[in-house]
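Think of it as A, B, C and D in the order they're written, each chain with its own count starting at 1.
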Amino acid sequence: MRVEVHVTLKPAVLDVQGKAVQGALHSLGHDAVTGLRQGKYFTFDLGSTDRAGAEAAVKDMCEKLLSNPVIEDFTYELQESA
Amino acid sequence: MRVEVHVTLKPAVLDVQGKAVQGALHSLGHDAVTGLRQGKYFTFDLGSTDRAGAEAAVKDMCEKLLSNPVIEDFTYELQESA
Amino acid sequence: MKAAVIVFPGSNCDHDAVHALREIFSVETHEVWHGDTSLPSDTELVVLPGGFSYGDYLRSGAIARFSPIMDAVQAHAKAGRPTLGICNGFQVLVESHLLPGALLPNRGLKFCCRVIHLKVDGKGSPFTADIGEDEVMTMPVAHHEGRYHADEDTLDRLEGEGLVAFRYCGPDGSRGEAHNPNGSLRDIAGLMNPGGNVLGLMPHPERAVETVLGSADGRRIFESLLAAGRRAA
Amino acid sequence: MSTETPVKRPGEPDVDLGLAREHGMSDEEWGLALEILGRTPSFTELGIFSVMWSEHCSYKSSRTQLKRLPTTGPQVVHGPGENAGVIDIGDGHVAVFKMESHNHPSQVEPYQGAATGVGGIMRDVFTMGARPIANMDCLRFGRRENPRTRYLVEGVVAGVGGYGNCMGVPTVGGETTFHPSYDGNVLVNAFCLGVAPSSRIFLGTAGSAGNQVFYVGSRTGRDGIHGASLLASAEFDDTTESKRPTVQVGDPFTEKLLLEACLELMEGDAIEGIQDMGAAGLTCSSCEMAGRSGAGMELDLDQVPLREEGMTPYEIMLSESQERMLLTAQPGREDEVVAVFEKWGLPVARVGVVTGDGRLVVKHQGEVVADLPAAELADKAPVFDRPREQPAELESRWELDVEALEQPGDLGATLTDLLASPNLCRASWTWGQYDWSVRTNTLSPPGGDASVIRVKETGKGLAISADCNPRYCFLDPKEGARQAVAEAARNLACVGAKGLAITDCMNFGNPERPDIAWQFAEAITGLSEACIALDTPVVSGNVSFYNETEGKAIHPTPAIVMVGLMDDPTARVPSGFREAGDRVVLLGRDQGELGGSEYLAVVHDRECGRPPRVDLEEEARLGDFLRSQADVGRLRSAHDLSEGGLAVSLAECALHGDDGLGLDVELTGDGFPQRDDVALFSETQARALVSVKADDVADLLVAAGEAGVTAMELGSVGGDRVTIRRDGRSLVDVSLADLRTGWEGSLPNWVEGA
């Protein structure tokens, strides 16, 4: 099972990095960029092929470690490995 | 236009952070996790609706700022805003 | 000698570089705002100081590279004039492609502030000409992204051309993982360009210019440069 | 005076007693609010009342006690009441400093909680026109065995470093301690010290009518609405989770710009008054600025730079977004203000005007949403003299039968264990993540008795030390508070400095409980006594109540930082031994006090007895003597005795630095307690170890005699072992390397071990 996790700051939480990156893009002439947010992206393999079990495991990882539930949200996707 | 960019370390570059996260997942009991890599994830809006123009702009942003070609690869996706 | 210390938003060792140059070495030193587009006329040395330009957000040095003053810095460097990047300044040099490779988060994934030892290496440069091969220098490092990375071919080429300017070592000059604070490949602490006029290093020589601060070894780099300037004049 | 009744906005709830209670207001407070207004408050007004009268902002439970602290002296320029305390350090300069807690936010989100705590305290200092030159952090965590502790330690330390490092302000010292009473409630107390020319101190006053009010710094978002103020005003329970969305995120980069922009603008005279927006944000800063000057203020919230859409006036007034300031400028100076902040790329907006009617009037979309008397809001908060009672079990805690304790067979092993214990081990894992050398003023890296910072502007030095032993304070809050001040003064004396003043951070449980109120009052008494005796008035401070988890309070923790002056900071005395052959001399006399000691806790797992008694006169004598000997250049090293007593202190002198130097000493005669363990580990105060050249011993002993300080030559420096004998018998004989392994490895191995 191939797993992709996206962790993003909750919408109301100030994204200091995103703010700086957007500012830099503007000064490079890309003024049209708005609402930029920066998040984290994890990819990994999970041996198991039992989808339900894998999903429960990934959810647990996201809640406990990959995201900080106080300020972040997460989404994940599972794919059978090729 | 809604844009999503993924920036990941090139496979040859040691991902210390990814390694540490994977180690932590193992110690939480998720031993089946392998090959974990951590990357960056950006989302933003681009006013323009001209797809070719938008794509050129995003490519420029990725090459110049969002990624460092010495160590990182990037991918992007554009979506018409709803 | 006339020096310019570039002040980026978030630079925080600019004061220290200015203090060292002005007070310790009596060098006429100008603070140059990142938004300016030219250096003071006859600037001989440009210093890109340490700190957290643009908060070190995204990647250290990545945003500062696009500051308006950087065109002038590039021109200065490419004209063969001394350009010194310390810590964040090294990161800016690397992001600007004035030096090859990249600086990644430390091996320990933590900010690391400690006193380290280093030795010169390489083919010699105005910054290192007067420093003996066996001299072990002591000075602080203070950074989160100091792990030098380049692919193997580049590393071989850098070593082959003698462009590794400084390496981490132990108090006795020996090399080993314990002496390398950040996991830098091949213990690289500092790097120069083929002309030897552009130097980037992670340790802070400007914080080691008075014995009362624990070490005055950083003076060796500045003194070497000043002597080279006098020789050239 | 004409006042307007705000209209109810669409979507706002009805304001009544029930809603006031939900805002944490008591029935009396609600009554008082009605009386002050002569009508029912609007929703925004209710929000303003509730935060202004929260414990955090109003100090309603502590004010009467705090008044008892000594706060004046010739050295004091501004005592408590301003953003930070200000003392004269000569040569036309002042030191500006304060300590503040960020406990609850750090418990909820350790990185951001600690980071924003550090950010907040630095703003307090540069608001006054001072450039921050040093930070300290006093950290207290629960037991290492607690599964959450490691996460908290990593997050808090990274957060402290993350913010201070980015600001380019060195973090030069602090405390890292562990105790079960902090298991559900960490303490993060952040200290900042700044320096300014005496002629250029800025106060948080609005000035006179007609002045323009500016908002500068980060945009306002929905961060921390009811965050610091309410979090810090109620204890933790299972609903803590639901308070989570209020976490503020720090942006040290923006604060660095704010620092530089403020200092640049302060070089001119455009600014009339300035106040940072900390807890309770715009509300607190505007009320206080208007209140202090006796003027009023009118704010137009439509001008406030916002980060999010659709924010209500209630949210804008209560937001605790970080890195913001409110300042006033004389009319006609607007352009100067705007130019400087624009240069630094910061939002700047004129958001109002100072009025003469004493009212805080807040407008939004053309309507008045709040119209309140500013001074009353700031000062008329209800004040409680909470009922106090000595805890019934206190005297039983004092019981300690030393004779019944089993003495360890191998005292060398005991010393090794103690040095590797959580509260005595080396904290270099912590400060290794802090940039302690930036600004090139740190004359001694962290790890010594006191940190010495050079002041480039004057050539003099400032020495600072943070201290508090919560175990002593639990067993006797008054004596514990006296001890904190005494130890800080002693630490300063060891480097050769004289304390000038202190700042405090009073961390306690729920003050509505009589035993906690008693602890608080006792601690205030202890601080007062010690500060008077040692001539170190309290110039700033902070109170953090409700540090409880499920009804269990933390140990009383009156943390203090003392700031002292050194004429020649380059002559500072190090705490570690310097050279083999130097002689070791013990100053002070052991009274055989094991109560509340680290030895008792670590080796015998007991927390009982009377804590060591503090003789303030003796402390003063010892301090004077240490300084006199430092002044004549006789001291090669000096280190005080504190937790762990003589043996631990000896070992620390030997281990200090990366190489270290062993020692060989002998305890002889009847100057030591009978039992060997007591002689080694008693924590009697007013003691220090110095090393001097062999030739200087005689002079030192004579001088000590003249000064009325007990002094005894113990042995010599050298070798690679720590050897302590007693009347010919060997008590301890351990290799430095073995001691170092535990002392240095303890913290990192625990944090980073799997």
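Throughout what follows, a contact is a pair of C-beta atoms (placed from the backbone, for glycine too) under 8 Å apart; a residue touches a chain by one contact, two chains touch by 3 or more.
What you see is a predicted model; the values in this text were computed from it and never measured.
With A-D and A-C as the two chain pairs, more C-beta contacts join A-D. One finds 35 Å separating the Cα centroids of subunit A and subunit C. The mean-CA centres of subunit B and subunit D are about 41 angstrom from one another, to the nearest whole unit. Chain centres here are Cα averages; for subunit A and subunit B they lie 10 Å apart. Under the contact definition stated at the top, the residues of subunit B that touch 2 or more other chains are 64-66.
Residue positions of subunit C touching 2 or more other chains, listed in rising order: 54-55, 57-58, 62-63, 66.
Contact of a single residue of subunit D with at least two other chains is seen at positions 251, 253-254, 345. Every pair of chains that touch is listed here: A-B, A-C, A-D, B-C, C-D. Put simply, subunit C touches subunit D in their complex at residues 9-10, 12-13, 15-16, 19-20, 35, 50-52, 54-57, 110-115, 140, 142, 144, 204, 206-207, 209-210, 212-214.
Subunit A meets subunit D in the complex at residues 10, 12-14, 16, 19-20, 23, 68-71.
Every residue of subunit A that touches subunit C in the complex is listed here, in rising order: 16-17, 20-21, 23-24, 27-28, 38. Put simply, subunit C touches subunit B in their complex at residues 58-59, 62-63, 66, 95, 100-102, 104-107, 109, 147, 149-151, 183. Contact residues on subunit C toward subunit A in their complex (touch as defined above): 54-55, 57-58, 62-63, 66.
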